[in-house]
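Just so it is clear, A, B, C and D label the chains in written order, and each chain counts residues from 1 on its own.
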Amino acid sequence: MAKLYFRHGPMDSAKTLNLLAVAHNYRSQGKRVRLLKPRLDDRFGDASIASRAGLEAKADLLLDHDTKLDPADFVGVDCLLVDEAQFLSTAVVEQLRQLTKEPGFPVICYGLRTDFRTRLFEGSRRLLELADSIEEVKVTCQFCNRKAILNLRLADGGAPSLDGDQIELGGNERYAPVCFNCYDARFSVSGLG
Amino acid sequence: MAKLYFRHGPMDSAKTLNLLAVAHNYRSQGKRVRLLKPRLDDRFGDASIASRAGLEAKADLLLDHDTKLDPADFVGVDCLLVDEAQFLSTAVVEQLRQLTKEPGFPVICYGLRTDFRTRLFEGSRRLLELADSIEEVKVTCQFCNRKAILNLRLADGGAPSLDGDQIELGGNERYAPVCFNCYDARFSVSGLG
Amino acid sequence: MAKLYFRHGPMDSAKTLNLLAVAHNYRSQGKRVRLLKPRLDDRFGDASIASRAGLEAKADLLLDHDTKLDPADFVGVDCLLVDEAQFLSTAVVEQLRQLTKEPGFPVICYGLRTDFRTRLFEGSRRLLELADSIEEVKVTCQFCNRKAILNLRLADGGAPSLDGDQIELGGNERYAPVCFNCYDARFSVSGLG
Amino acid sequence: MAKLYFRHGPMDSAKTLNLLAVAHNYRSQGKRVRLLKPRLDDRFGDASIASRAGLEAKADLLLDHDTKLDPADFVGVDCLLVDEAQFLSTAVVEQLRQLTKEPGFPVICYGLRTDFRTRLFEGSRRLLELADSIEEVKVTCQFCNRKAILNLRLADGGAPSLDGDQIELGGNERYAPVCFNCYDARFSVSGLG
């Protein structure tokens, strides 16, 4: 049995660059990887998997909440890489988990742990429940030099905000990676209920 | 700022022994630790923190869902250790997180990641959202030699079961640590909704 | 192929208790483990593997520098656990590595990373070269609350000392786990050549 | 006190890309990083730190075996990143370790663990002795899908070779990342003495 990995990190931790590095490594060894991402992440164009640090690739498959994966489509694949995995549905995570079974291959999912209210996303929740390996992609807090673990949403003008839907796409003008201390100084975590 | 740790592992992974070893280390250095656990875990007597491998200690404080922790009670403490942390309430986890703030001390929580239906507990959910460090206590699957990540509930007679409440206390006659493969062979994870 | 693990930690980090917990877990699942240690560690009696926190077991095999391991002696074994692995010879580490090959089993070695002069031991050096997985057993510094990574030797009377042979057996009256800062304040690491 | 990190991985594990991602993250937060590398690595031009996956930056400082680092040159720095750290001298590693002391900053070193004969380099040895955190950058074996931990040197024509000096610069035409099994099938590790 192969493994299911969840590599989580806050905004701007270079998760996508990390994913593209793994894809590059597999391919330079003559191995076959497939890149997947949720369809709703269309910031860089529907099928683009782009890192702000400079690299880019094309997703082989876009995932919807009700996508049915066909194992026959993955015969001969050595590794499956999923970007923005926090947006996956429970059902899709469970199908990815099934793909690791004999004769299977590793599935490596990159994504946020929590939203701007410190709550798990649907996809990150199911990944934290089912992953064989939970690994961290690290970045420092925007406001100090501690490690960031949470994400702050910034309103127009840059002020921190608790308003809006759980999912609003945006980059580093819209979200900042922060440590617990710097988050809690703005919005008390105890009050988030 | 000190750190909040979540050290998760399936049933019978020696989490409690690990906790008692950390307590022993602090104390042999002349440092002060406090041991906490949820009140509902009364398997070994209300205030006992006991490992099946052989060591035991007394909890300094039992935690209820609505416990209000008073920081004044923890002045001078070097480390706080929490057993069976999956059973903590969201509110108690948030208070533990607050205790790590300046002048704070590390809080190390040991607990299960998921229940017998592969779902997070209330406490493990909030810990996975707020912990600075997510670490794994490892044990092999009861049925093969892969690493276990899930917990199987056993009915009387030892047959695997999906019946009953999320929380039913029990030891290794009632639960078995299993890998995804051995769990899924009994209850398809895709069918758990 | 199974894996070779090196779980390193400074003095008094409860490495042996950790080892005994793993042995207990395997045995409570009806699996076969074998406990090994270098013969030269005779602090608790030749064949005893004892943790200062309270548990104890008997070593199945004592290892000398020139021991030749016979794979036939390990048929049916599920896991091999080695205590005080820093004292192993290069040749013995290489034989342990060979035992992980098909049809093999995991070999988990516990030991110190460095001696009281901040230098690798023969066994820890070869393990750091050949291990699939390098993991840390943590303990805080004797003098502050940072993580310890080095070992200070204490002379009679408790004063730190750089004198003597690399190997002089002793417990927490003879060695103290320390962080870099607290070590370097006593003996400048730059001056150790 | 800040931490000293050693992030090791075999050839072609994208260590440099990882380093450049960390540099990018610090800089996009308005923080100051300094990039260092040993002078002897001149594959991409003296001062270039280049990843085969596509990104590149300029080293701020080239390190010789007898370089004396002046802490005054690093005032206000938030993080120091070192590439090809296996080639550092013991003395330079010890100076980097000193830079983490109060008021210090984190030093993150990327490098190979071992050479093509499975032996530590001078720099990786001292880093494994003194690092607070030993982390792994992963890549699969060139010949199978297990994780690689060793490096095979390839002679002209591509045949594996044990000949030559410890240090001969080269890329993926000259070295291949391999697992223990695939290495040992070519050169028995027990015979390497």
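One rule holds in what follows: contacts are C-beta pairs under 8 Å (C-beta built on N, C-alpha and C of every residue); 3 or more make two chains touch, one makes a residue touch a chain.
Quick caveat: nothing in here was measured; it's all calculated off a predicted structure.
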Between chain A and chain B, which partner chains are common? none
So which chain is the furthest away from chain A, centre to centre on CA atoms? C
Distance between the centres, which are taken as Cα means, of chain C and chain B, whole angstrom: 27
Dist(centroid_CA(chain A), centroid_CA(chain C)) in Å evaluates to 38
Residues of chain C touching 2+ other chains? none
Sort the chain contact graph into one of these: line, ring, star, complete or other. ring
So, in the complex, the side of chain A touching chain B is made of residues 1, 4, 90-91, 94-95, 97-98, 100-102, 113-114, 118-120, 125, 128-132, 134, 136, 146-147, 149, 179-181, 184, 189-190, 192-193
Which part of chain C faces chain B closely enough to touch in the complex? 12-14, 17-18, 20-22, 24-26, 28-29, 31, 51-55, 78-79, 105-106, 139-140, 142, 145, 172
